[in-house]
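Multiple structures follow.
Okay, so subunit A shows up in both of these, paired with subunit B first and subunit C after.
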Partner chain A sequence: MRTTVAEDKDYRGKVHQLSRDIMTDWMTELKDATKSPTPSAYMMISGNCVEILRCFDILPVFPEVNALQLAIRKQSLPYIIKSEEIGYASDNCAYVKADVGYTMCGGVGENGNIPVPDFIVCNFVGCNVYIKWFEHCASMFDVPMIMLDIPFVREDGPSTDDVKYVMTQLKELIAHCEKLTGKKFDIDRLREVLGYSARAERGWSRCKELCKRKPTPFDAYFDSINMMGPINALRGSKVAADFFDQVVEQYEGMVSDGMGVLEDERFRIVFEGPPPYPYYRNFRNLFEAWGAVAVQSTYSTVGGTWEFGFTHDPERPLESIAEQMIIHNLCNRSMIERYAQIQSYVDEYDADALVIHSIKSCRLFSAGQGDMREYFTKDRGVPTLMVESDLEDPRYYAEAQMKNRIDAFFEALTYKRIRGKATA
Partner chain B sequence: MSTEAILERCRALLEMMPGEALTEARKTHPDIGGLAVFPLYAPFEVIHAAGLMPVGMFGAGEQVEISHADSRFQSFICSIAKSTLELFLRGDMKSFEGAVFSSICDVARNLSSLVKRNTPDLYIEYLHLPQNMDSAGSLGYTRAEFARFRDNLSARVGRPITDEAIAESTKIYNRVRSLMRDLYDHRMRHSGAIAASDVCTVIRAGTRMMPEDFIPLLEALLDQVKSTPSHPRDGVPVVIEGSFCEQPPLALIDVIEAAGCLIKDDDMVIGWRLFRQDIPSNGPAMDPLGALAEAYLKHSVYTSVRYDRAKPRTEGLMDRMKDSGADAVVFAPAKFCEPALLDYVLFRKKLDEKGVPHLKIEFEEKMWTFEASRTELETFAESMLFD
Partner chain C sequence: MKYAAGIDVGSTQSKAVLIDLARAVVARTLIDTGANVKRAGQRALDNLLKESGIPREQVGFVIGTGYGRYKIEAGDDQVTEISCHARGAQMLFPATRTVIDMGGQDTKAIKVGPDGDVVDFSMNDKCAAGTGRFLAGAADVLGLTLDEIGEISLTGTKPIRLTSVCTVFVESDILSHLAQKQKVEDILAGVHQAIASRTISLVRRVGREEEVTFTGGVARNIGMVRALEEKLDVSVNVSPDSQFTGAIGAALYAMDRVLAGDAEAAAVSDEDTVWVDE
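The block that comes next holds the complex of A and B.
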């Protein structure tokens, strides 16, 4: 049953290594900044405006990336428990708890790995927990918090009032950055930065597009993480743009060689929801064992839905930043729009099934996924599996139960396929 | 009308399903429709000016067995979201034009999508209420959001919603809010004048009747309460915090007071009594939507779902304690309520710094026994009384 992975050509490993290299460089910068006067600012991933910080050489820090790394390195639990000691509930988002616990234990600051930010940019894009998380950070560090209130998409598109509101707040952020750094805002610098963003975004889209091919050159859920760091945290840098040029080359090479991430691609799935980072490898193995590969995933679009054609426009710098924050990312769109996104993935990527990984921490993702399962199984006829654990807290992952559910699902799909052939 | 008769009427309204409350209102207001309002707030004046009764949607307590919504929402989702969805899935909300939700939390947002998908005949609105109170763009945006709501609602009911009508409705709601403030003030100053659970009963029932009918009821109640001599009660004066959305069972409120606490102030049904002052409703350049927007930005009471850089909620809680003469805080968040549970951390830090005693008790709709909470509350109150 176990399918071997195309490791001999080391394609997956190469992209992983490239990503790791540039992300490590950024983390080294963060560590160096703990002991230097380099200005830094906290920011959230979804629908961010990192380009504005880059214009002022303000180092962006993403607490979500910090939480993610703690989880994937299996270090999150002690920090989660530390936070619970000061009043966080077991039902609170464990990303917040891990990050706060890490800060309390000295991870942020002169002797840690992350600099204390000069200020906090709360890009409130969908997730309400962002606001609380950053209020807590602002309180811990006693630094100012700049609120960027991004209106949720609640009509077909953003209104002119929505865009105007966001633009005004972006200009206020720019004024704050000018004051902090003593540098004058340079629109040409922003245009240059946005040019790098657009190049990376085009690369991202091209890679995702390649997953329509059979076999798919990479797993659009598990391997997308290699691209998510660069597109969300390093976007607007030459390094990120160059990275995507290389990744496109890699994956295009694989496609022209007829090579997939799995040697025997048997099931093409669409993934919904964030992964269980503390058991990332284990979880992936449960799918690879069935020759199941993700051809698309909603989670990879939390920062931006680039594959639907949007790129930042250096000719319309602030307008395009505002539009990206409002509408071109998953988090600021409704469940109904997410259903449409998933359906387009199922149709355009010729997927066999939908897998929903429901996590307790993130209610933005998970609240109501039972309805999503209902919709796709009953209304759309898409075989759908829903499993539960968490993206950060290892206590919610039950391997045996998870394996049973996944095995039963793919056994049923296999049987359905055999029966379909027999009756054809 | 006697106090007991008023309370009986309010209790009867709370036992009704939202649709039954609307039918009840139609007995005296035959032409009105209904629009359900999920906590905390929507511009009620706009709904009322559309010829609709805004009806508070606070879940369904023990009245509804959850059979459909459990398969849509996971075990870690708050009960108000489940019972609200259940009411829509069961068809209980058919007599309404629809419902309005707002950007209070991630669950409420997704709930609005689920309701919209599963009840396509209803008008389901989602308001993005501002989280930036002091940007140069805040007022324009908030006014535009209220105008969008007005226009969508107008299209649904098929008639214009005029500025004059909104201004008239503002006057009515100003009166309602002013009377509610009076009731709270009176309870604050005269412990023993009215039980906290009775105040809750009346305030909650007020979300299930036309404001024109609520005004005389509140006036009569205030007359009664103010003219009846009260016997001051002993107890620890407390503020209840964290019950701004899902409402604690009334039996739990009784338990809090029976255990030795005197509730001086609280944040229950806070969205319906959000403003500490009247909203301007007349003048030469009358812009009622602008006035509503400005009130939301500048004159809202603090809540856990509204970020206000200039006035942090921790300061708001300290002010609430000072103004009401409370010595302690009882946190009563609904189980799984992320905004309340996250805010608890900041509140707790502040209270610890100030040396203010506090206790947290969680609740959920289906809760019917409060023995564990009672023991904790008694211990808490005793430790303070004999300190």
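The block that comes next holds the complex of A and C.
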């Protein structure tokens, strides 16, 4: 059986480079803004309304992105420890701790890489820990915080009143932006921004759709990260829309040439949960060693579940923003809807298995994953592996244990396949 | 090429087994792993060959398993101990459908198919509570050996409910119960029940199916066998070779490879599968 770790492969392709270029430009903008009067605001990734900020030329800052960049560069631990020193618990969200520690160490402000925000938009979608995070940030910077209350949808879908409720809050946010920037709200400008959003969202969906092909042209978990920055942080910009046009061209080209991300695609998997960013490449290699590639992932839809057909609508500007925040993103979905999303991925992308990477410091989304594993294994007959570490805190990642579980899982799938062939 | 070998380099002990073409165990050896994992694998194989008197060239394939499996230079390939325990348990007890493997650092519940294949598995995560290490901690603080505590636990009449099931804290927990004049046998009965409870929740995750086979070093502990049987309400299979189950499974996988050229074993040919040497 093939169980040794794949060689440290260079995963960088054209899409990675394109993504890096535009994300670096944005990071440069952020750094420049530390020393200029450019207005900026903190915002969350999940189900965000970045289009409103963009319409006022307010620079969006995403503390989650700051945190994950520290993690992927293997720099997160000292900042996590810094936060623990002031009282954050060891099992508290490590994104929060890395960001707060980074701020305390001067990462935000004139001598850092991130501008002090003029205000904070807490677009509470699904995660109530984030409210405390953003309250702490507002307190550290002594800036106003605008709290958006997004109803959690437990029934079939949001009611008309739910949508109106969120639209009313968006109008309050707009009024605040007008006051801060001295600019009058321009609905046509918002429509233009939403047009860029919709173009990027269609490109995103097209890319994801291509993963139904065999072999899949990119890994819909590990490589989707390259598209998540542009779709979540840069959405509503022409740059992001153009990026997705190029990405679609790239992946369609690969599909028409019969090229896959792996030379030998042996297992098609669906991923649930964020990756362990501090060991991103190690983790990926553990799957690639088995010829396992993700054909879909739920994590890539934290910002929006575009591939199910929804796009922002310039003809219904505030209404479509509200709808996206309430229902068309993973974080505000109920467990039952998450199950349905995964099942549709398994069926439509012809997946062999589900892999759940559970996050130790995120009890909110990890809670219920044990049941999820049981549901897919026992009720749906989908082989499911559950492994655990953390998205930000390197202390939770134990390579030997991780590898043991992954190897055993694929050994079992391999054996099952052999027996299937032998009895066919 | 009449033989195949399996080497299981575990966290505390390394085991090696030699089987013949009829898949019968012809030799077994057990050594302490020590600090040098690489040497442990080689030493185990050397011992095995020495004790059996079979020359190395008669061994067609060697598979390593256990946490040290990637360090075994003497091995031709590696298979996880999860797959190996399933396969080994099924050979020892052919009707096995659930395997409980309790070793030095890991406890696993494995659901096994009729052919010894892994259907599902569940393991303790990031914590050695509920494993052999937990028993070792308890034995240490009571001044007893691992071989004694199982028997003694069976004489307990009022099992103490331990406030902590942490491997590190168990020692101070036991000390406090000793200070309260609790009986050693009752404390040990509590220790065994605490581990059994944690293990049963792993078994429930994969779904218990009879027969249940208990493998790994801790299976030699009669107190643990009884505690599991009580919680599961079913008798569990324990082989005198329980410690060697992983190595037996590895040897069986190795024998598949020896036979891979035969018509019978065509299903595991390199062409059809990912059974390729790196």
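Quick note on the criterion: the second predicted complex is superposed on the first by the 412 of 424 C-alpha atoms of A that agree within 3 Å, B and C clash if a C-alpha of one lies under 4 Å from a C-alpha of the other, contacts with A are read in each partner's own complex, and residues count from 1 in each chain.
The working rule: contacts are C-beta pairs under 8 Å (C-beta built on N, C-alpha and C of every residue); 3 or more make two chains touch, one makes a residue touch a chain.
Just so you know, these numbers come straight off a predicted model, no measurement behind them.
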{"item": "Subunit B versus subunit C as contact partner of A:Ser139, first or second or both or neither", "value": "first"}
{"item": "Which superposed partner A:Gln401 touches (first subunit B, second subunit C, both, neither)", "value": "second"}
{"item": "Contacts of A:Glu388 with subunit B and subunit C, given as first, second, both or neither", "value": "both"}
{"item": "Partner chain(s) touched by A:Ile418 [first = subunit B, second = subunit C, both, neither]", "value": "second"}
{"item": "Touched partner set for A:Glu178, first subunit B, second subunit C, both or neither", "value": "neither"}
{"item": "Touched partner set for A:Gly291, first subunit B, second subunit C, both or neither", "value": "second"}
{"item": "Which superposed partner A:Gly370 touches (first subunit B, second subunit C, both, neither)", "value": "both"}
{"item": "Contacts of A:Glu209 with subunit B and subunit C, given as first, second, both or neither", "value": "neither"}
{"item": "Subunit A positions touched by subunit B in one structure and by subunit C in the second", "value": "360, 370, 374, 388"}
{"item": "Touching residues (chain side subunit A, partner subunit B) in the complex", "value": "86-89, 91-93, 96, 122, 124, 126-129, 131-133, 135-136, 139, 145, 147-149, 151-152, 154-155, 159, 161-162, 164-169, 172, 334-336, 339, 358, 360, 362-364, 366-371, 374-375, 388"}
{"item": "Contacting residues of subunit C [partner subunit A, same complex]", "value": "67, 70, 77-83, 115, 117-121, 123, 125-126, 205, 207, 253, 267-268, 272-276, 278"}
{"item": "Touch list for subunit A against partner subunit C, complex", "value": "1-4, 266, 290-291, 360, 370, 373-374, 377-378, 383, 388, 396, 398, 400-401, 404-405, 407-408, 411-412, 414-419, 421-422"}
{"item": "Subunit A-facing residues of subunit B, complex", "value": "70-74, 76-77, 81, 103-107, 109-114, 116-118, 125-128, 130-132, 135-138, 140-141, 144-145, 148, 305, 307, 309, 335-336, 338-339, 341-346, 348-349"}
